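Just below sit the structures, each encoded as structure tokens.
The two complexes that follow have chain A in common; it is paired with chain B in the first and with chain C in the second.
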Partner chain A sequence: MSIEVQHVTKRFGAFTALDDVSLKVETGELVALLGPSGSGKTTLLRIIAGLDFPEPGGGQILYHGQDVTDLPASQRKAGFAFQHYALFRHLTVFENVAFGLRVRPRATRPDERAIRQRVGELLGLVQLGPLAQRLPAQLSGGQRQRVSLARALAVEPRVLLLDEPFGALDAKVRKELRRWLRHLHEEIHLTTLFVTHDQEEALELASRVAILREGRIEQVGSPETIYEHPASPFVYDFLGNVNLFRGRIEQGSVRIGGVRFDAGGVIGSPETAALAFVRPHDIRVTRCGKGQSTLPARVVRFHTVGPVAHLDLERLDDRSCVSVQLSKEELQDLSLQVGEVVQVEFRKVRVFSEDYSI
Partner chain B sequence: MNPTPRLSRTEGGSRRRATHDPRWMRALLVGAAFLFLGLFLFVPLASVFAHALAKGIGPYLETFQDPVTLSAIRLTLIAAAVAVPLNTLFGVCAAWAIAKFDFRGKQVLLTLIDLPFSVSPVISGLIYVLLFGAQGWLGPWLAERDLQIIFAIPGILLATLFVTFPFVARELIPLMQAQGRMEEEAAMVLGASGWKTWWRVTLPNIKWGLLYGIILCNARAMGEFGAVSVVSGHIRGQTNTLPLHVEILYNEYNAVAAFAVASLLTLLAVLTLALKSWVEGKQAASLAAASAATSP
Partner chain C sequence: MRHLRQRSVLPGFGLTLGYSLLYLGLIVLIPLASTFLKTTTLSWSEFWAAVSSPRVVASYRLSFGASFLAGLVNCLAGLVVAWVLVRYEFWGKRLVDALVDLPFALPTAVAGIALTTLYARTGWIGAWLEPLGISVAFTPLGVFVALTFIGLPFVVRTVQPVLQDLEPELEEAAASLGANRWQTFRRILLPVLRPALLTGFALAFARALGEYGSVVFISGNMPMKTEITPLLIITKLEQYDYAGATALAAVMLVISFALLLAINLLHWWGSRHHAPA
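So, the complex of A and B:
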């Protein structure tokens, strides 16, 4: 079952939450909506679920090619997991999961035995069988989120929508649940769209990632594409783990701190101020620069975590910070001292003109 | 050897805290509170029963065979039976609208709900006299059609409705606002209709608060004096409620009967208090569960 969002616009008073957003999630895909808070990702998810509606004439939502824009949430058959779980606090775990089956009209409602069986299966799936008679208040955060997923799956939804599913959990539980969700998706292949502000989560889980910024989609692509070829300075900045250099574009290359670097293609207008992005692992550090394209910098500190070494440098010209990632062996071969001056080379640099936006 | 013997001794040994007052101070404060409550609450309460039973149980019970007393009891029950369900219905609707939706005039509605609390009950009664009385705005129109509201049962019902108007709504609004709309949204996504969402999710979540509001509303409906007094006309056997009947009996120096009827209202108050503290306990427990359920 595919989900299609066509030119959806949504305003709250004077604030435009979504501005002409289009997105297609193919059948069986696991797609992440990634963006900072206030970028409209939760609003988009709620509109897909039918909990919010686009402006009149402001776009359409299609499930499997069928227009559901005007259908209320109760008739869309979407599974939805809320960020804060929204479990029914007065019902046991079992009854929470059974809820969607019990509220069906008499004609389509399964009998008690079928309900027991289905709920039992789902509680097994989320590994909560022994806790069936507990109340939500007696569960941990991770357990509550799993109940909420089981409850969403109980109604055999056409699509699964998850709003910051792991947002309120601690790092360890989050990792476990992430792996579990990946596994679940491989097993049941339900079209899934999840919202997150955690780039690591999006890149690790999703088969495709859509990045939202101020109510617009900035880039859609596979995690590799998003990470290796960010389409804009915003995406670079948001994904983090990158060095930003300010400079000037000159004849297809970029001048940073008086030194010209070969940019290998420039995005945006020529001969203007430029933003150059270099990933920490695309920087080479040497004692004496071989070519002309090197920047001098002073070693501030370095430390190793497992096989990876992190190096913090400070440029001599404007004292800005440069972070470098290299292997433990490379660091040992360099045998650096704190305070000494080294030369910085870029293996790969991505340059945008400063006025560039999508 | 314990490396920090001094620290562990101070922690385990003395339980003194900065906020602990000396023993005599505590005794004085607690004693003063009990003395005050005894003098101003318990003694008057006991005296109601003492006066009522001053001439023995016979005259006490005789009071409740008087048809006029029985009619006052009946009218009080009717007033409560009309006002409590109507104001429960209204309170739930208003709280639902205010807590779960955003609309223009929300603040105005909130202020209006509080109006009966901020207006003196006598004024509330007077409003109806000025509206429906013989000299009132609608008086001539009603007189033409031979409809009597003031000095009749409809007036008493209206006045009771007015003064008991805020109890249920006021109780539910903060509760429903704190609970938010998330569980209702979850129910809807799971395919529940509005009606089923109300019965299976909203009502179970507010039931203790609702019961609490109903108990308070009922106590006020049965005990209201000021507003009802203005519109009643004090016609014995016809438009007297229990509180008004107490006043009439007392003014006639019929102390035993007056206090006998008063004892009935007192028992109602004691029963209300007991119910109220029981429901409060239940509500606190369910609120604690609610906050535990939403916090990660």
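So, the complex of A and C:
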């Protein structure tokens, strides 16, 4: 079941939450809506679920080509998981999961035995079988979110919509649940759309990522594309883990602090102020620079986490920070001292003219 | 002795419990006990005659019946008012919120006179109801109207905070699972609101039982028809029949206590079967 969002606009008073947003999620895809808070990602998910509605005449939502824009949530058959689970606290885990089956019209309602079987299967799927008679208050956060997923799956939804599903969990549980969700998706292949502000989560889990900014979609693509070829300074900045240098574009190359670097294709207008992005692992550090494309910098501190070494440098010219990632072995070979001056080279630079925006 | 007392981080258990018991004793138990004590000056047959005469029994029926119905109606009306005040934003919301408490503040006699004026045959509302064959003032219906009026704030004020704590996500979750509005209300909202509704009902019911001021004006106080028990007690007092008055009071107290106890048991039973989160 595919989901199609066509030119959706939504305002809350004077605030425009979504501005002419279009997005297509193919059948069986696992897509992440990624963006900072206030970017409209949750609003978009709620509109797809039917919990909010676009402005009159402000776009359409299609499920598998069928227009559902005016259908209320109860008739869309979209499974929805909330950030804070929204479990029914007076019902047991079993009854929470069974709820969607029990409220069906009599004609399509399964009998008690079928309900027991279906709920039992789902609780097995989310590995909560033994806790069926517990109340939500007696469960941990990770268990509650799994109950809410089982509850959403019980109604055999056409699509699965998750609003920051792991947002309220601690790092370890989040990692486990992420892996579990990935596994679940491979098993049942349900078209899934999830909202997150955690770029790592989006890149790890999703088959495609849509990045939102101020109510617009900034870029849609596979995690590799998004990470390797960010379409705008915003995406670079938001994905994080990047060094930003200010410079000037001159004849197809970029000048940073008096040194010219090969820009390898400039996005935006030529001969202006520029923003150059370099990932920490695209920086090479040497003792003595060869050629002219190196910046001198002082070593501020370094530390290693597992096989990766992090190096903080300070540029000599404008004292701005440069962070570098290299392997532990490389760091050992360099045998650096704090305070020492080294030369910085860029393997790969991405340059945008400063006035550039999508 | 020391090892019998459990250590607790909350200080002052002895002091606060002692104060609570003293206070309840002085304010509630001693006056009530004196009522029973005064009743014992009657012999059993005198007592029985005082509390079981047809006129008195009719007043019980009216008092308890009208109070019960008023409590029920307030449950529904109070829930709706609380719902509107919590869930919607509208102009004048604060004003409506303040209006809810007015039946608390208004002297009951004023309320009684106002209601009587409105519902009398020539009153603003009574004039409209008269052609329909409905008369409110000076009938049991009038008693019911007055008791509904004074009981409303209890339900609104007990349900309001619970509704405020109820996340809208619960209803959205129910909707996304295919439940219609009625199913969402019955299966999700009502179980959570039930304890508060029950408490509100008990308070409104108890208040209505004891109400005197507003009812005596609108009821017309016709023996066997529109006399409430508190009125009969006053009547007996005015005739210097103190023992007879306390006998009636004792009967009312016992029945009220039994009913309130039953409501509390229902409450307790409900919370055991729907354990709180």
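Going forward, the second predicted complex is superposed on the first by the 358 of 358 C-alpha atoms of A that agree within 3 Å, B and C clash if a C-alpha of one lies under 4 Å from a C-alpha of the other, contacts with A are read in each partner's own complex, and residues count from 1 in each chain.
As a working rule, contacts are C-beta pairs under 8 Å (C-beta built on N, C-alpha and C of every residue); 3 or more make two chains touch, one makes a residue touch a chain.
Everything numeric here is computed off the predicted structure, so don't read it as measured data.
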Task: Combined model on chain A: chain C and chain B, fit or clash - done: clash
Open item on the list: Between chain B and chain C, whom does A:L51 touch in the aligned arrangement: first, second, both, or neither?
Closed with: both
- [ ] Classify the contacts of A:F12 with the two partner chains as first (chain B alone), second (chain C alone), both, or neither.
- [x] neither
Open item on the list: By the touch definition at the top of the document, which applies to A:F82: first (chain B), second (chain C), both, or neither?
Closed with: both
Task: First, second, both or neither for A:G141, with chain B first and chain C second - done: first
Open item on the list: For A:A168, using the defined touch cut-off, is the partner it touches chain B, chain C, both, or neither? Pick first, second, both or neither.
Closed with: first
Task: On chain A, positions contacted by chain B and by chain C - done: 49-51, 72-80, 82, 84, 86-90, 99-100, 102-104, 135-137, 151-152, 154-155
Open item on the list: Going by the contact rule set out above, which residues of chain A touch chain C in the complex?
Closed with: 49-51, 72-80, 82, 84, 86-90, 99-100, 102-104, 135-137, 148, 151-152, 154-155
Task: Partner chain B, residues of chain A touching it in the complex - done: 49-51, 72-80, 82, 84-90, 99-100, 102-104, 135-137, 141, 144, 151-152, 154-155, 168-169
Task: Complex contacts: residues of chain C adjacent to chain A - done: 167, 169-170, 172-180, 183, 187-188, 191-192, 274-277
Task: Touch list for chain B against partner chain A, complex - done: 182-183, 185-193, 196, 200-201, 204-205, 286, 288-290, 292-294, 296
